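You will see chain A twice below: alongside chain B first, and alongside chain C after that.
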Partner chain A sequence: MDYQISNKAKKVTLGLSAIGLVMVVLGFFHQKDYVYADYVNEHALTIRYNGDASDEMQNDLKIEMNSILNAKGYKVDFHDANHNDSHNAHDDKHLHDSHDESHSSHGFEWEAHIESNHEDEHVNHGHHEDVSASIVEMIDSGEISFFDTHHRRFWSNLLVNGFFFFGIALGALFYLALHYATESGWGVVLLRIMEGIMSAMPVGIVVLLIVFIAGSLGLHHIYPWMDSDVMDPNSSHFDKLIYGKKAYLNQPFFYLRVVAYFATFFLFMKWFKKKSTQEDSEGGTESHFKMYRRGALFLVFFAVFSSTMAWDFLMSIDTHWFSTLYGWYVFSGIWLSGMVMVMMITLYLRKGGYLPFVKESHIHDVGKWMFALSFLWSYLWFSQFMLIWYSNIPEEVQYYFSRINDYKFIFFGTFVINFVFPMVFLMSRDTKRSAGYLIVIGLIIFIGHWLDVFNLVMPGTLFDQWNFGLLEIGMFIMFLGIFVYTVLKALGKSPLLQKNHPFLEESKHHEF
Partner chain B sequence: MHKEADIRKPLILGDKTYRDITDDVIRPIESKAPRTWYILILIAGVLAAWGIGCIIYLLGTGVGVWGLNKTVEWAWDITNFVWWVGIGHAGTLISAVLLLFRQKWRFAINRAAEAMTIFAVMMAGLFPLIHMGRLWVGYWVFPLPNQFGSMWVNFNSPLLWDVFAISTYFSVSLVFWYIGLIPDFATIRDRVTKPLAKRVYRVLSFGWTGNAKAWNRFELVSLVLAGLATPLVFSVHSIVSFDFATSIVPGWHTTIFPPYFVSGAVFSGFAMVQTLMLILRKAYKLEEYLHVKHIEYMNIVIIVTGSIVGVAYITELFVSWYSGVEYEAYAFLNRATGPYWWAYASMMTCNVISPQLFWFKKLRTSLMFSFFMSIIINIGMWFERFVIIVTSIHRDYVPSSWTYFHPTWVDIGVFMGTIGIFFVLYLLFSRYFPVLPIAELKTILKSSGKNYKENYGHGKDYWDSHSEH
Partner chain C sequence: MEEKVIYAMYDDDDVLLNGAKALVAEGVHISDVYSPMPIHGIDPVIGVEPTRLGIAAFLYGLTGTMLAAIGLRYFMIIDWPMNIGGKPSFSLLENIPSFVPIFFEFTVLCAAHGMAITYLLRNKTLPGMPPRNPDPRTTDDKFVIEINASENSKHSLNEITAMLKKTGVVEMEEKVIK
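The block that comes next holds the complex of A and B.
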């Protein structure tokens, strides 16, 4: 049966992205660049900033604080603290703090003294509020902060979503290749859906390319090794460790790899689609065996690229850190997100009556994959975490320090969502055959794996200055809308059932 | 019955009936053992006796009779342990994971592979026990409440996790294997005429009646055990890898170890299955049940797991440089170019390079070559463990204590002895147990038997003319 994206689906998906876009635009102007405050006493605090703020910005911040305090009946004086002492205090914390550019103007450290406007209030000393503490709190929460001129949240989110949705398309392509290479029979009726999902690969590719090129142009500092200062032995920002990785982490080689990944994956994707429609018209088994062989070849490329890609795109954010398991861990997330998307699109189309040949047994099997891959992901998550936690080697464990200190709920939350949830709810046979359950559980672990990617990126780009708001949610639903729209559009291009796959009958009669 | 595509090659060749399957599998049990069986078990028995002698000598004298020294305090003992545990992975993988994946070709190898698994795990368990030196208090590895004072196991130690992982794995594998054997024992019970044999098989078959309810429960239990065994396949070797990876020894501590050890275990396990089955099919004339297609499938598993292991080797090597940690980098440089370069080179050649030859259809469908390769891989995987263990510790942080490990005759004797014991057990198994699952083979005869396939669909030899890959 031929499928065309319905008007309603078009409206929903594009509407979703439009709403997302509005949220992104609103969120864009609320990106904060935090200053840090230390409470001294009721009348004094120190305010620090390591980045690069012009006099005008500094004045604006002073005025802002003054007006807040004025409203409460206080006034404040700012004095520059000894600059040299303070500057390095927090440098260690942010090993590759993106603010630290080689500009002449650095951050600042102020000592702020708060005094009451009304002399007589001094009498009621016991009752007045601790304004110093409340200012510290406002600074900590980001209520008092600079606007982030580097748009770090925006770029980081772009990377998170670009990678996540690229991963879904890649996961579908991987599964399709695996299906051919292993001569599987049961899933033939789902192959067109996988073809549809992998067709949306360009969405992720374009976004990732934008992020990389912006990084090269210096628009953001997600990848510290792209910074020429870090690699320059004469610069004050020289980083010996990162410099040691130069043979691998340098821009020409990086782009060579990026092109190799994207070109390989994209060409394989196109080729599989072409061959499968060709098989529809020509019949015979020749195309099938070509795809069998090409599927195996894809897996060879994928075996290498999936790891190196994860190192390049994500692990190199935390440039000092390394983990041999990283590539496989990221891969398991990609694969699972792909399977969840296969499940969702299948259930959606099946509900519309477009997939009369997809039986409960097929749904059940995809459900099993979701279940099994959740275990695989959890196994790799645990292996990496436990081994690093147990050994407690400083250069490795710092990666988890930042995640546990600043991202506690997201870090452990993803593990609960992505492990406990599917384990409990997908264990039974009945839930794997019930569309309602699958949609709810599927959506939850889908978001769980988005959060996983969030967790891979943010602690290395925003450190403790992260936020979760309009920008994050908006960007996610914007991409979700565009992605699903692209997939549904692509699904309309060819019939939803392959015609001449040699294992088609096996799949049609798949029942257990 | 499931529909099977015409281009799939038949799994049971020849013109077989249900009766033929029973006859073919039980024939070796019913007939007299050939002279070669006696010769083989004699050789294996001598080897086993020698090994047991070495163990007794070891226990009487002390672990000092091994070649261990103060720098290399772990060598062949743990190498052999990991090697045997690894081999013990294939059986459960074949019967559990391949069951979940509905791979029908597993029926040609699952019974024998599971037996191999059980014997291999037994051999593996022997090493930590004798390493502790006092075999008679081996039960101290379990957290048993006692009045010996402060004696209590250390739950922080991965070695203790190993005790749990391996004993669980062993019990589940044993139950799984035995459950599968019950209907087949019943078949033998109903056929044998000698009173003693009848008696024994009656006991072994647990009074199996073969009614519908029994079969129903049989299938249910198999599925549940498969579900339980699958995570165990992963957990056992992951925990074995924790023995090394939780440490801070460069070359041991690396996060990729758990999945990479699992893959390596499956790799070595399949190689051992290949070695044993290629002999078994010939000796017991089971060529029609276990033919080139099965061998090819196994070789594909070998190439996949071998390549995963290869990717892991390269990843480790790369990250040791990428990390910027000089000790880490040195551990790997020393591994590849230091005094043990020959072990590293053997490992790389046997495990990574040579399995790639299986990309050629001609080679992976050649029985002789498969047999040869299976031996190569068995050797290579032994070297892998040796390389990981010994080369990482023989040069520690103090150059004055750098040493080289020399195995003594006891090291060699114990290892050879376990091979002997293993083969004695395996030969006994193949003599008195059905080496193929009779009941399960019958379930695929009508969908994957050559004679049945010929009579349906596109007819005779369609699969040959349409599968030129």
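The block that comes next holds the complex of A and C.
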């Protein structure tokens, strides 16, 4: 009855990740760095940019706009608004210097004047089109923009998916430890599936490490506190608030913590797997009681690390902001996505006939967890939101401003998907026992929680310049494919039943 | 109307469950089981329908949510709008996040109380009601099966008694209830 990953499953999962990879590569070259435009009148607009673009790129942008307008029979002149200003303030040497510095960071403000190419066109003003407005629109939509040389979307997505899939593996490990620490009986038949899911933890660990190290090397600026300019009191980018958090948010301590988290989780994961295989071959209760004690020990580590990990990996993106509830909020999402994955893998293997010992009651119980954890997540989501909304303290409420202004649909959408959906569809007993229902609802919640992580990361890294396209979808299915492949592969390495678990009989007869 | 009733007492819930299964397999109708605690799996055996208490609880909860919404709208929006911490006080929708805890609490209050009262009423066990259990020991450590003669036309009482004896009863009693 040993399970081996089937060729079909191999093809589907690896194919999925291959398609995802192609989409990521295509999407990689469509990352945009937006400029901003203000409409002045029919013949004028101002274009602002405060990022980092070389003169060459700026020229290209001017040429691009000129050629668009030429096709319509217009031409455009650009004047540097800042440059004029600095001429006026010529006598003030200090001001001049600071302007120079802003120039060196390659931001700009242009005043663009649009004129008609043909003088006679003034005659037929009848079907005159407001070209200035159409240029503003093209700039707003990102049609006219720079290529994002910092690849912000790519790195942010890598963080989103790395964390999401790391979280699923961690959620499974957490539940396994909880199951041992509480000496539960009902779920013994599902423990090997949790072992399989937590075996895919290295996928997330590797990706997260890549993201962190790239951040340290300055390849992206997801974590503002990693930037030495921000921490340097003499720099123009100095940030007093972030500097105040230096005791915790500094790179040596950060990497110490990262290593501590990953080493702890990874070693516990390996240890649990080793012990359960040992129990299979040796029998007795010695391994079980060791796992019982280690399970409790793991929960102690997890209680601290799950919170600090959420602060380090996700909350420190919005470095100014803080919320003490954040760790639980992220943890509830991790646990729930882990539970959904347990459900999916169980249903898949059960359909293939590999789990004759898993009864409807077990499925029902995992369904109850999905239902209950959705409520836990919603409760924390709302608690965090309401307290900040109510107190209305500027430094706190900023976090929700950016989400509600620029991510309205995703922000409220995740709440609807992750709260209303499970409440309506998972409340009745019958739906928690029907595989079809569970797969549909599970998939929706799964994607909902991916969007939740998306919503935790993106507003702090891409601000209003986010996009949802090939890169996002491709990266998600690439990771999904790799993750599920790793899980199924790991499941094939040991029997799907822990035959010497002391509570095995209880679990086999679990019924209600 | 006179009714002949058999009370068969057991001292173990598993023995009772197996006995009940054996009797039902013979076609005996068991009208009720008295037990100090819930016996897992007895409901389908003696033909008790799945409880509808959950549906009732949901409706009580919904009533609570709506009452809270109507109440808060009247108190806090229409009758006496209060400016608390500069939060909007002009419409229910704008101010809803601050009302959610009250919605939630009132929903729970109504669902829990409604459910408890319904349960007690339905079981006729409201405080002060006469006890219906045949023997006070069923609130302690004994389990009793109740069989009504009128519901079992297929078998005579003697036949049923004989069947019961095989299932490990500790005491048996025949009563006539007027």
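Structural remarks
In this section, the second predicted complex is superposed on the first by the 489 of 512 C-alpha atoms of A that agree within 3 Å, B and C clash if a C-alpha of one lies under 4 Å from a C-alpha of the other, contacts with A are read in each partner's own complex, and residues count from 1 in each chain.
Following the convention adopted for this analysis, contacts are C-beta pairs under 8 Å (C-beta built on N, C-alpha and C of every residue); 3 or more make two chains touch, one makes a residue touch a chain.
Please read all numbers here as calculations on a predicted model, not as lab measurements.
The superposition on chain A brings chain B into a clash with chain C. Touch criterion not met for A:238: it reaches neither chain B nor chain C. Within the superposed three-chain model, A:292 lies in touch with chain B and out of touch with chain C [touch as defined at top]. Once the two complexes are laid over each other on the shared chain, residue contacts for A:328 go to chain B alone; chain C is not touched. Once the two complexes are laid over each other on the shared chain, residue contacts for A:303 go to chain B alone; chain C is not touched. When the shared chain is aligned, chain B comes close enough to touch A:503, but chain C does not. Of the two partners chain B and chain C, more residues of chain A are touched by B.
Stretch 199-207 of chain B is the one among 37-45, 55-63, 109-117 or 199-207 that clashes with chain C after the shared chain A is superposed. Across the two superposed structures, the residue set of chain A contacted by chain B and also by chain C is 386, 390-391, 511. For chain B in complex with chain A, the touching residues are 2-8, 100, 102, 231, 234, 238, 242, 245-248, 253-259, 307-308, 311-312, 315-316, 319, 322-325, 466-469.
On the chain A side of its complex with chain C, the touching residues are 382, 385-386, 389-392, 427, 511-512. Every residue of chain A that touches chain B in the complex is listed here, in rising order: 183, 185-186, 241, 244-245, 248, 285, 289, 292-293, 300, 303-304, 307, 311, 320, 322-328, 368, 375, 379-380, 383-384, 386-388, 390-391, 393, 395, 502-503, 505-506, 508-511. Only residues 40-41, 58, 85-87, 97-98, 100-101 of chain C touch chain A when the two sit together in their complex.
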